[in-house]
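Each of the next two complexes has chain A plus one other chain: chain B in the first, chain C in the second.
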Partner chain A sequence: MRQAGTYSGLLSKMSGRAGTHSLPLARIKKIMKKSGDDVKMISGEAPIVFSKACELFIEELTKRSWTMTMQGKRRTLLKDDVASAVIATDIFDFLLTLVSES
Partner chain B sequence: MEPMDIVGKSKEDASLPKATMTKIIKEMLPADVRVARDAQDLLIECCVEFINLVSSESNEVCSREDKRTIAPEHVLKALEVLGFGEYIEEVYAAYEQHKLETMDSLKGGKWSNGAEMTEEEAAAEQQRMFAEARARMNGGAAGPPKQPDINPSLES
Partner chain C sequence: MVEEQDKLLPIANVGKIMKQILPPRAKISKEAKQTMQECATEFISFVTGEASDKCHKENRKTVNGDDICWALSTLGFDNYTEAIVRYLHKYREDERERAKNQSKVTATSSNEDKAKESPSHKSREQTTSVQQIDETSSAPSELRALKKGKSSLTNPP
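Moving on, here comes the complex of A and B:
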(Lines of atoms letter the chains of each structure in order from A and count residues from 1; the text may use other names and numbers.)
(Lines give C-alpha, C1' and ligand atoms only; values in the text may rest on other atoms or scores of the structure.)
Protein backbone atom coordinates (compact mmCIF):
# COMPACT_ATOMS: atom_id res chain seq x y z
CA MET A 1 0.00 0.00 0.00
CA ARG A 2 1.51 3.31 -1.02
CA GLN A 3 1.87 5.98 1.61
CA ALA A 4 0.37 9.30 0.57
CA GLY A 5 3.58 11.09 1.51
CA THR A 6 5.82 9.01 -0.71
CA TYR A 7 3.52 9.35 -3.67
CA SER A 8 3.12 13.10 -3.53
CA GLY A 9 6.85 13.38 -2.94
CA LEU A 10 7.45 11.55 -6.21
CA LEU A 11 5.00 13.73 -8.05
CA SER A 12 6.52 16.97 -6.87
CA LYS A 13 9.92 15.82 -8.06
CA MET A 14 8.40 15.11 -11.45
CA SER A 15 6.50 18.36 -11.62
CA GLY A 16 9.20 20.36 -13.37
CA ARG A 17 9.42 23.12 -10.82
CA ALA A 18 12.09 21.95 -8.43
CA GLY A 19 11.62 22.59 -4.75
CA THR A 20 7.83 22.30 -4.57
CA HIS A 21 6.96 21.28 -1.00
CA SER A 22 10.54 20.42 -0.32
CA LEU A 23 10.51 22.43 2.90
CA PRO A 24 9.67 20.02 5.70
CA LEU A 25 6.10 20.59 6.82
CA ALA A 26 6.72 19.44 10.38
CA ARG A 27 9.48 22.02 10.80
CA ILE A 28 7.26 24.76 9.42
CA LYS A 29 4.51 23.77 11.80
CA LYS A 30 6.97 23.93 14.68
CA ILE A 31 8.00 27.46 13.77
CA MET A 32 4.37 28.47 13.43
CA LYS A 33 3.60 27.18 16.91
CA LYS A 34 6.48 29.14 18.38
CA SER A 35 5.52 32.37 16.63
CA GLY A 36 3.33 33.55 19.49
CA ASP A 37 2.10 32.74 22.96
CA ASP A 38 -1.42 31.64 22.14
CA VAL A 39 -1.28 30.23 18.65
CA LYS A 40 -4.39 28.36 17.69
CA MET A 41 -4.48 24.85 16.31
CA ILE A 42 -3.05 24.58 12.85
CA SER A 43 -4.86 22.67 10.13
CA GLY A 44 -2.89 19.99 8.33
CA GLU A 45 -3.03 22.01 5.16
CA ALA A 46 -1.74 25.32 6.48
CA PRO A 47 1.95 24.28 6.43
CA ILE A 48 1.58 23.35 2.77
CA VAL A 49 0.46 26.85 1.97
CA PHE A 50 3.34 28.20 4.04
CA SER A 51 5.83 26.02 2.23
CA LYS A 52 4.95 27.58 -1.09
CA ALA A 53 4.76 31.08 0.34
CA CYS A 54 8.24 30.67 1.83
CA GLU A 55 9.59 29.52 -1.48
CA LEU A 56 8.21 32.62 -3.17
CA PHE A 57 9.55 34.77 -0.39
CA ILE A 58 13.06 33.35 -0.60
CA GLU A 59 12.94 33.70 -4.35
CA GLU A 60 12.07 37.36 -4.11
CA LEU A 61 14.60 38.12 -1.40
CA THR A 62 17.36 36.15 -3.14
CA LYS A 63 16.76 37.78 -6.48
CA ARG A 64 16.65 41.25 -5.00
CA SER A 65 19.85 40.54 -3.10
CA TRP A 66 21.41 39.28 -6.28
CA THR A 67 20.53 42.57 -7.98
CA MET A 68 22.60 44.31 -5.33
CA THR A 69 25.46 41.90 -5.96
CA MET A 70 25.38 42.68 -9.66
CA GLN A 71 25.37 46.39 -8.95
CA GLY A 72 28.57 45.84 -7.03
CA LYS A 73 29.91 43.93 -10.04
CA ARG A 74 30.55 40.82 -7.96
CA ARG A 75 29.76 37.15 -8.39
CA THR A 76 29.50 36.39 -4.70
CA LEU A 77 26.31 37.26 -2.89
CA LEU A 78 27.21 38.85 0.43
CA LYS A 79 25.32 39.51 3.63
CA ASP A 80 25.30 43.24 2.85
CA ASP A 81 23.50 42.51 -0.40
CA VAL A 82 20.70 40.88 1.57
CA ALA A 83 20.60 43.85 3.92
CA SER A 84 20.46 46.30 1.02
CA ALA A 85 17.63 44.36 -0.60
CA VAL A 86 15.65 44.46 2.64
CA ILE A 87 16.17 48.20 3.05
CA ALA A 88 15.12 48.83 -0.54
CA THR A 89 11.86 46.86 -0.29
CA ASP A 90 8.84 48.13 1.64
CA ILE A 91 7.23 44.80 2.35
CA PHE A 92 10.50 43.58 3.85
CA ASP A 93 10.40 46.24 6.55
CA PHE A 94 9.73 43.55 9.14
CA LEU A 95 13.27 42.31 8.50
CA LEU A 96 15.03 45.60 9.13
CA THR A 97 15.90 44.81 12.73
CA LEU A 98 17.09 41.35 11.81
CA VAL A 99 19.48 42.51 9.10
CA SER A 100 20.87 45.41 11.07
CA GLU A 101 21.54 43.25 14.14
CA SER A 102 23.63 40.66 12.32
CA MET B 1 27.46 31.92 18.34
CA GLU B 2 26.82 35.23 19.97
CA PRO B 3 25.55 35.34 23.56
CA MET B 4 22.33 36.94 22.33
CA ASP B 5 21.53 33.80 20.40
CA ILE B 6 21.29 31.82 23.59
CA VAL B 7 19.74 34.45 25.84
CA GLY B 8 17.18 35.82 23.40
CA LYS B 9 15.57 32.53 22.42
CA SER B 10 13.91 30.82 25.35
CA LYS B 11 12.56 27.73 23.65
CA GLU B 12 14.57 25.38 21.47
CA ASP B 13 15.32 26.89 18.14
CA ALA B 14 13.31 25.64 15.21
CA SER B 15 14.86 26.64 11.96
CA LEU B 16 14.70 25.45 8.39
CA PRO B 17 17.08 22.77 7.16
CA LYS B 18 20.19 24.41 5.80
CA ALA B 19 20.81 21.89 3.02
CA THR B 20 17.32 22.25 1.57
CA MET B 21 17.45 26.02 1.83
CA THR B 22 20.87 26.22 0.23
CA LYS B 23 19.65 24.12 -2.65
CA ILE B 24 16.58 26.30 -3.17
CA ILE B 25 18.64 29.49 -3.03
CA LYS B 26 21.27 28.24 -5.44
CA GLU B 27 18.66 27.06 -7.92
CA MET B 28 17.40 30.62 -8.20
CA LEU B 29 20.78 32.04 -9.15
CA PRO B 30 23.10 31.56 -12.12
CA ALA B 31 25.32 28.50 -11.79
CA ASP B 32 28.58 30.32 -11.24
CA VAL B 33 27.32 32.57 -8.47
CA ARG B 34 28.53 31.93 -4.94
CA VAL B 35 26.66 32.75 -1.80
CA ALA B 36 28.67 33.75 1.24
CA ARG B 37 27.93 31.52 4.18
CA ASP B 38 26.74 34.33 6.44
CA ALA B 39 24.50 35.55 3.62
CA GLN B 40 22.97 32.06 3.43
CA ASP B 41 22.40 32.03 7.17
CA LEU B 42 20.78 35.43 7.01
CA LEU B 43 18.46 34.36 4.21
CA ILE B 44 17.35 31.40 6.30
CA GLU B 45 16.74 33.62 9.32
CA CYS B 46 14.71 35.98 7.16
CA CYS B 47 12.58 33.08 6.05
CA VAL B 48 11.92 32.00 9.62
CA GLU B 49 11.00 35.58 10.43
CA PHE B 50 8.65 35.56 7.48
CA ILE B 51 6.91 32.48 8.84
CA ASN B 52 6.65 34.14 12.25
CA LEU B 53 5.14 37.26 10.75
CA VAL B 54 2.60 35.46 8.59
CA SER B 55 1.77 33.03 11.41
CA SER B 56 0.98 35.85 13.79
CA GLU B 57 -1.22 37.55 11.26
CA SER B 58 -2.91 34.26 10.32
CA ASN B 59 -3.58 33.68 13.98
CA GLU B 60 -5.27 37.07 14.22
CA VAL B 61 -7.29 36.56 11.07
CA CYS B 62 -8.41 33.23 12.50
CA SER B 63 -9.41 34.84 15.82
CA ARG B 64 -11.33 37.60 14.10
CA GLU B 65 -13.36 34.99 12.31
CA ASP B 66 -14.04 33.18 15.58
CA LYS B 67 -12.41 30.01 14.33
CA ARG B 68 -10.23 27.69 16.36
CA THR B 69 -8.01 26.28 13.70
CA ILE B 70 -5.74 28.18 11.36
CA ALA B 71 -6.83 27.21 7.89
CA PRO B 72 -5.25 27.93 4.49
CA GLU B 73 -7.78 30.72 3.87
CA HIS B 74 -6.53 32.54 6.95
CA VAL B 75 -2.97 32.29 5.72
CA LEU B 76 -3.93 33.65 2.33
CA LYS B 77 -5.74 36.56 3.91
CA ALA B 78 -2.72 37.24 6.11
CA LEU B 79 -0.45 37.32 3.06
CA GLU B 80 -2.70 39.89 1.47
CA VAL B 81 -2.85 42.08 4.54
CA LEU B 82 0.92 42.04 4.92
CA GLY B 83 1.55 43.13 1.36
CA PHE B 84 2.36 39.74 -0.14
CA GLY B 85 -0.81 39.64 -2.21
CA GLU B 86 1.23 38.81 -5.28
CA TYR B 87 1.99 35.40 -3.84
CA ILE B 88 -1.62 34.40 -3.33
CA GLU B 89 -2.39 33.11 -6.80
CA GLU B 90 0.64 30.84 -6.97
CA VAL B 91 0.31 29.69 -3.38
CA TYR B 92 -3.30 28.75 -3.91
CA ALA B 93 -2.47 26.92 -7.13
CA ALA B 94 0.17 24.87 -5.35
CA TYR B 95 -2.30 24.08 -2.59
CA GLU B 96 -4.96 22.91 -5.05
CA GLN B 97 -2.35 20.89 -6.92
CA HIS B 98 -1.32 19.18 -3.72
CA LYS B 99 -4.93 18.33 -2.92
CA LEU B 100 -5.34 16.76 -6.34
CA GLU B 101 -2.19 14.71 -5.95
CA THR B 102 -3.11 13.52 -2.49
CA MET B 103 -6.64 12.61 -3.56
CA ASP B 104 -5.35 10.55 -6.41
CA SER B 105 -3.04 8.46 -4.25
CA LEU B 106 -5.63 7.91 -1.53
CA LYS B 107 -8.22 6.66 -3.98
CA GLY B 108 -5.68 4.30 -5.50
CA GLY B 109 -5.90 5.88 -8.91
CA LYS B 110 -9.68 5.67 -9.14
CA TRP B 111 -9.56 8.89 -11.11
CA SER B 112 -8.58 6.88 -14.14
CA ASN B 113 -11.34 4.26 -13.82
CA GLY B 114 -14.18 4.59 -16.30
CA ALA B 115 -14.45 8.38 -16.52
CA GLU B 116 -11.00 8.81 -17.94
CA MET B 117 -10.21 12.47 -18.02
CA THR B 118 -8.05 13.68 -20.82
CA GLU B 119 -5.37 16.17 -19.96
CA GLU B 120 -7.53 18.99 -21.29
CA GLU B 121 -10.48 17.90 -19.19
CA ALA B 122 -8.30 17.72 -16.12
CA ALA B 123 -6.87 21.17 -16.82
CA ALA B 124 -10.36 22.57 -17.39
CA GLU B 125 -11.50 20.99 -14.15
CA GLN B 126 -8.57 22.59 -12.38
CA GLN B 127 -9.38 25.99 -13.84
CA ARG B 128 -12.96 25.62 -12.73
CA MET B 129 -11.80 24.88 -9.20
CA PHE B 130 -9.48 27.88 -9.22
CA ALA B 131 -12.32 30.11 -10.39
CA GLU B 132 -14.57 28.78 -7.67
CA ALA B 133 -11.91 29.31 -5.09
CA ARG B 134 -11.24 32.82 -6.33
CA ALA B 135 -14.93 33.61 -6.15
CA ARG B 136 -14.99 32.25 -2.62
CA MET B 137 -11.99 34.34 -1.66
CA ASN B 138 -13.40 37.49 -3.21
CA GLY B 139 -16.65 36.90 -1.38
CA GLY B 140 -14.70 36.43 1.83
CA ALA B 141 -12.71 39.62 1.31
CA ALA B 142 -15.94 41.60 1.56
CA GLY B 143 -15.82 40.87 5.27
CA PRO B 144 -17.20 38.06 7.45
CA PRO B 145 -20.71 38.50 8.89
CA LYS B 146 -19.97 38.87 12.60
CA GLN B 147 -16.86 40.94 12.88
CA PRO B 148 -16.24 42.91 16.08
CA ASP B 149 -15.32 46.50 15.32
CA ILE B 150 -12.42 46.64 17.78
CA ASN B 151 -9.55 47.56 15.52
CA PRO B 152 -10.82 49.35 12.44
CA SER B 153 -7.25 50.45 11.68
CA LEU B 154 -6.30 46.85 10.93
CA GLU B 155 -8.81 46.52 8.13
CA SER B 156 -7.14 46.57 4.76
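Moving on, here comes the complex of A and C:
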Protein backbone atom coordinates (compact mmCIF):
# COMPACT_ATOMS: atom_id res chain seq x y z
CA MET A 1 0.00 0.00 0.00
CA ARG A 2 1.72 3.19 -1.12
CA GLN A 3 1.19 6.38 0.78
CA ALA A 4 4.42 8.01 -0.28
CA GLY A 5 3.11 11.56 -0.21
CA THR A 6 1.94 11.45 3.40
CA TYR A 7 5.02 9.67 4.66
CA SER A 8 7.55 11.81 2.80
CA GLY A 9 5.89 14.91 4.21
CA LEU A 10 6.19 13.55 7.73
CA LEU A 11 9.76 12.40 7.15
CA SER A 12 10.90 15.79 5.91
CA LYS A 13 9.53 17.33 9.10
CA MET A 14 11.44 14.76 11.15
CA SER A 15 14.72 15.40 9.35
CA GLY A 16 14.38 19.08 10.23
CA ARG A 17 15.04 18.27 13.88
CA ALA A 18 18.45 18.83 15.44
CA GLY A 19 20.72 15.81 15.17
CA THR A 20 20.24 15.25 11.46
CA HIS A 21 22.70 16.96 9.14
CA SER A 22 21.34 19.00 6.23
CA LEU A 23 24.06 17.72 3.86
CA PRO A 24 24.96 14.06 3.36
CA LEU A 25 28.20 13.18 5.18
CA ALA A 26 29.19 10.44 2.72
CA ARG A 27 29.07 12.90 -0.18
CA ILE A 28 31.09 15.48 1.74
CA LYS A 29 33.71 12.85 2.50
CA LYS A 30 33.86 11.88 -1.19
CA ILE A 31 34.44 15.49 -2.22
CA MET A 32 37.13 15.90 0.44
CA LYS A 33 38.97 12.81 -0.82
CA LYS A 34 38.86 14.05 -4.39
CA SER A 35 40.35 17.42 -3.41
CA GLY A 36 43.91 16.13 -3.41
CA ASP A 37 46.14 13.06 -3.69
CA ASP A 38 47.52 13.49 -0.21
CA VAL A 39 44.08 13.50 1.41
CA LYS A 40 43.99 9.91 2.50
CA MET A 41 42.57 9.73 5.99
CA ILE A 42 39.71 11.82 7.25
CA SER A 43 38.47 11.79 10.84
CA GLY A 44 34.80 11.12 11.55
CA GLU A 45 34.26 14.69 12.69
CA ALA A 46 35.67 16.46 9.64
CA PRO A 47 32.60 15.88 7.40
CA ILE A 48 30.39 16.97 10.30
CA VAL A 49 32.30 20.23 10.63
CA PHE A 50 31.86 20.73 6.89
CA SER A 51 28.13 20.04 6.97
CA LYS A 52 27.79 23.10 9.21
CA ALA A 53 30.45 25.16 7.40
CA CYS A 54 28.84 24.55 4.00
CA GLU A 55 25.45 25.52 5.37
CA LEU A 56 26.93 28.81 6.63
CA PHE A 57 28.75 29.34 3.33
CA ILE A 58 25.62 28.77 1.25
CA GLU A 59 23.67 31.10 3.54
CA GLU A 60 26.26 33.86 3.23
CA LEU A 61 26.65 33.60 -0.54
CA THR A 62 22.87 33.41 -0.96
CA LYS A 63 22.30 36.53 1.16
CA ARG A 64 24.92 38.47 -0.79
CA SER A 65 23.50 37.24 -4.09
CA TRP A 66 20.02 38.34 -3.02
CA THR A 67 21.37 41.85 -2.43
CA MET A 68 22.30 41.89 -6.12
CA THR A 69 18.84 40.60 -7.04
CA MET A 70 17.19 43.41 -5.10
CA GLN A 71 19.46 45.99 -6.71
CA GLY A 72 18.12 44.76 -10.04
CA LYS A 73 14.59 45.12 -8.61
CA ARG A 74 13.86 41.45 -9.27
CA ARG A 75 12.46 38.67 -7.11
CA THR A 76 14.19 35.77 -8.83
CA LEU A 77 17.77 35.04 -7.81
CA LEU A 78 19.77 34.42 -10.98
CA LYS A 79 23.16 32.89 -11.73
CA ASP A 80 24.55 36.37 -12.52
CA ASP A 81 23.58 37.54 -9.04
CA VAL A 82 25.72 34.77 -7.57
CA ALA A 83 28.59 35.76 -9.88
CA SER A 84 28.28 39.41 -8.85
CA ALA A 85 28.32 38.47 -5.17
CA VAL A 86 31.47 36.39 -5.68
CA ILE A 87 33.22 39.27 -7.48
CA ALA A 88 32.23 41.71 -4.74
CA THR A 89 33.55 39.57 -1.84
CA ASP A 90 37.27 39.08 -1.22
CA ILE A 91 37.02 35.78 0.60
CA PHE A 92 35.16 34.32 -2.38
CA ASP A 93 38.08 34.99 -4.74
CA PHE A 94 38.71 31.24 -5.00
CA LEU A 95 35.39 31.02 -6.89
CA LEU A 96 36.18 33.66 -9.54
CA THR A 97 37.25 31.12 -12.18
CA LEU A 98 34.22 28.95 -11.47
CA VAL A 99 31.64 31.73 -11.90
CA SER A 100 33.28 33.17 -15.00
CA GLU A 101 33.13 29.80 -16.78
CA SER A 102 29.76 29.20 -18.42
CA MET B 1 31.56 21.05 -18.86
CA VAL B 2 30.21 17.61 -17.97
CA GLU B 3 28.75 17.52 -14.47
CA GLU B 4 28.99 14.25 -12.66
CA GLN B 5 26.32 14.69 -10.06
CA ASP B 6 27.88 12.44 -7.49
CA LYS B 7 30.94 14.70 -7.34
CA LEU B 8 28.79 17.65 -6.26
CA LEU B 9 26.66 18.32 -3.19
CA PRO B 10 23.03 17.33 -3.89
CA ILE B 11 21.13 20.20 -5.51
CA ALA B 12 17.98 19.52 -3.46
CA ASN B 13 19.84 20.03 -0.17
CA VAL B 14 21.60 23.14 -1.48
CA GLY B 15 18.32 24.58 -2.77
CA LYS B 16 16.64 23.98 0.58
CA ILE B 17 19.34 25.86 2.50
CA MET B 18 19.08 28.76 0.04
CA LYS B 19 15.29 28.86 0.31
CA GLN B 20 15.38 28.91 4.10
CA ILE B 21 17.55 32.03 4.23
CA LEU B 22 15.61 34.01 1.60
CA PRO B 23 12.30 35.89 2.05
CA PRO B 24 9.20 33.70 1.61
CA ARG B 25 8.24 34.89 -1.88
CA ALA B 26 11.77 34.87 -3.31
CA LYS B 27 12.41 32.63 -6.31
CA ILE B 28 15.63 30.91 -7.30
CA SER B 29 16.50 30.02 -10.88
CA LYS B 30 17.70 26.49 -11.58
CA GLU B 31 21.00 27.84 -12.90
CA ALA B 32 21.55 29.79 -9.70
CA LYS B 33 21.05 26.60 -7.66
CA GLN B 34 23.49 24.76 -9.92
CA THR B 35 26.06 27.52 -9.52
CA MET B 36 25.63 27.46 -5.75
CA GLN B 37 25.99 23.67 -5.80
CA GLU B 38 29.32 24.03 -7.64
CA CYS B 39 30.52 26.86 -5.38
CA ALA B 40 29.76 24.92 -2.19
CA THR B 41 31.54 21.85 -3.57
CA GLU B 42 34.55 23.97 -4.50
CA PHE B 43 34.47 25.46 -1.00
CA ILE B 44 34.95 21.97 0.48
CA SER B 45 37.86 21.22 -1.88
CA PHE B 46 39.50 24.58 -1.21
CA VAL B 47 39.33 24.35 2.59
CA THR B 48 40.28 20.65 2.62
CA GLY B 49 43.35 21.40 0.52
CA GLU B 50 44.54 23.98 3.04
CA ALA B 51 43.86 21.65 5.98
CA SER B 52 45.58 18.77 4.22
CA ASP B 53 48.70 20.87 3.57
CA LYS B 54 48.92 21.65 7.26
CA CYS B 55 48.65 17.95 8.19
CA HIS B 56 51.31 17.10 5.64
CA LYS B 57 53.72 19.70 7.05
CA GLU B 58 53.11 18.37 10.56
CA ASN B 59 53.58 14.75 9.44
CA ARG B 60 50.04 13.80 10.35
CA LYS B 61 48.00 11.42 8.22
CA THR B 62 44.48 12.23 9.33
CA VAL B 63 42.65 15.47 8.60
CA ASN B 64 40.48 16.16 11.64
CA GLY B 65 37.78 18.64 12.62
CA ASP B 66 40.26 21.04 14.22
CA ASP B 67 42.30 21.16 11.01
CA ILE B 68 39.17 22.17 9.09
CA CYS B 69 38.41 24.89 11.66
CA TRP B 70 41.98 26.16 11.42
CA ALA B 71 41.80 26.22 7.61
CA LEU B 72 38.48 28.09 7.70
CA SER B 73 39.97 30.73 9.96
CA THR B 74 43.13 31.06 7.85
CA LEU B 75 41.13 31.49 4.64
CA GLY B 76 39.00 34.28 6.03
CA PHE B 77 35.97 32.33 7.27
CA ASP B 78 36.70 32.87 10.97
CA ASN B 79 33.17 34.15 11.53
CA TYR B 80 31.96 30.58 10.96
CA THR B 81 34.17 29.12 13.68
CA GLU B 82 31.99 30.03 16.67
CA ALA B 83 28.85 28.44 15.24
CA ILE B 84 30.81 25.36 14.16
CA VAL B 85 32.39 24.88 17.60
CA ARG B 86 28.92 25.07 19.18
CA TYR B 87 27.55 22.58 16.62
CA LEU B 88 30.46 20.20 17.22
CA HIS B 89 30.01 20.32 21.00
CA LYS B 90 26.33 19.53 20.65
CA TYR B 91 27.12 16.69 18.25
CA ARG B 92 29.70 15.21 20.65
CA GLU B 93 27.21 15.45 23.52
CA ASP B 94 24.52 13.73 21.46
CA GLU B 95 26.97 10.95 20.55
CA ARG B 96 27.90 10.48 24.20
CA GLU B 97 24.23 10.19 25.14
CA ARG B 98 23.61 7.71 22.35
CA ALA B 99 26.60 5.59 23.41
CA LYS B 100 25.41 5.66 27.03
CA ASN B 101 21.91 4.52 26.08
CA GLN B 102 23.24 1.75 23.87
CA SER B 103 25.54 0.40 26.57
CA LYS B 104 22.57 0.38 28.97
CA VAL B 105 20.59 -1.70 26.46
CA THR B 106 23.39 -4.25 25.98
CA ALA B 107 24.06 -4.42 29.74
CA THR B 108 20.43 -5.20 30.65
CA SER B 109 20.10 -8.01 28.12
CA SER B 110 23.53 -9.63 28.61
CA ASN B 111 25.14 -12.26 30.80
CA GLU B 112 28.91 -12.49 31.48
CA ASP B 113 29.74 -14.06 28.11
CA LYS B 114 27.80 -11.45 26.21
CA ALA B 115 29.39 -8.70 28.30
CA LYS B 116 32.78 -9.72 26.95
CA GLU B 117 31.48 -9.29 23.43
CA SER B 118 29.76 -6.01 24.14
CA PRO B 119 32.71 -3.64 23.44
CA SER B 120 32.88 -4.79 19.82
CA HIS B 121 29.10 -4.97 19.68
CA LYS B 122 28.94 -1.39 20.89
CA SER B 123 31.43 -0.24 18.28
CA ARG B 124 29.40 -1.98 15.61
CA GLU B 125 26.32 -0.22 16.88
CA GLN B 126 28.13 3.09 16.76
CA THR B 127 29.32 2.41 13.23
CA THR B 128 25.78 1.58 12.26
CA SER B 129 24.46 4.79 13.73
CA VAL B 130 27.16 6.83 11.95
CA GLN B 131 26.24 5.09 8.72
CA GLN B 132 22.63 5.99 9.29
CA ILE B 133 23.64 9.62 9.57
CA ASP B 134 25.73 9.24 6.42
CA GLU B 135 22.81 7.94 4.43
CA THR B 136 20.34 10.66 5.49
CA SER B 137 17.71 7.98 5.13
CA SER B 138 17.36 6.94 8.73
CA ALA B 139 13.92 6.75 7.18
CA PRO B 140 13.54 2.96 6.86
CA SER B 141 12.91 2.27 10.57
CA GLU B 142 10.58 5.29 10.77
CA LEU B 143 8.71 4.13 7.67
CA ARG B 144 8.26 0.68 9.19
CA ALA B 145 6.85 2.19 12.38
CA LEU B 146 4.47 4.37 10.38
CA LYS B 147 3.33 1.47 8.22
CA LYS B 148 2.41 -0.48 11.33
CA GLY B 149 0.06 2.31 12.17
CA LYS B 150 1.90 3.48 15.27
CA SER B 151 1.63 7.14 15.95
CA SER B 152 4.79 7.38 18.05
CA LEU B 153 8.23 6.12 17.19
CA THR B 154 9.21 2.99 19.05
CA ASN B 155 12.66 1.52 19.29
CA PRO B 156 13.27 -1.04 16.57
CA PRO B 157 13.32 -4.59 17.91
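One rule holds in what follows: the second predicted complex is superposed on the first by the 81 of 102 C-alpha atoms of A that agree within 3 Å, B and C clash if a C-alpha of one lies under 4 Å from a C-alpha of the other, contacts with A are read in each partner's own complex, and residues count from 1 in each chain.
Please note the rule applied: a contact is a pair of C-beta atoms (placed from the backbone, for glycine too) under 8 Å apart; a residue touches a chain by one contact, two chains touch by 3 or more.
On a predicted model such as this, the values are computed, not experimentally measured, just so you know.
In the superposed pair of complexes, A:46 makes contact with chain B and with chain C alike. When both complexes are overlaid on chain A, the residue A:25 reaches chain C alone and has no touch with chain B.
Of the two partner chains placed by superposition, chain B and chain C are both touched by A:57. Once both structures are placed on chain A, chain A residues 7, 11, 15, 18-24, 27-28, 30-32, 34-36, 38-43, 45-46, 48-50, 52-59, 61-63, 65-66, 69, 75-79, 81-83, 86, 90-92, 94-95, 98-99, 101 are touched by chain B and, in the other complex, by chain C. Residues 4, 11, 14-17, 20-21, 23-25, 27-29, 32-36, 38-39, 42-43, 45-56, 58-59, 62-63, 67-72, 74-76, 79, 82-84, 87, 90-92, 94-95, 97-99, 101-102, 104-106 of chain B touch chain A in their complex. Within the complex formed with chain A, the residues of chain C that make contact are 1, 6-10, 13-14, 16-18, 21-22, 25-29, 31-32, 34-36, 38-49, 51-52, 56, 61-65, 67-69, 72, 75-77, 80, 83-84, 87-88, 90-91, 94, 130, 133-136, 138-139, 142-143, 146-147. Chain A meets chain B in the complex at residues 2, 4, 7-8, 11-12, 15, 18-24, 27-28, 30-32, 34-36, 38-43, 45-46, 48-59, 61-63, 65-66, 69, 75-79, 81-83, 86, 90-92, 94-95, 98-99, 101-102.
For chain A in complex with chain C, the residues that touch the partner chain are 1, 7, 10-11, 14-15, 18-32, 34-36, 38-46, 48-50, 52-59, 61-63, 65-66, 69, 75-79, 81-83, 86, 90-92, 94-95, 98-99, 101.
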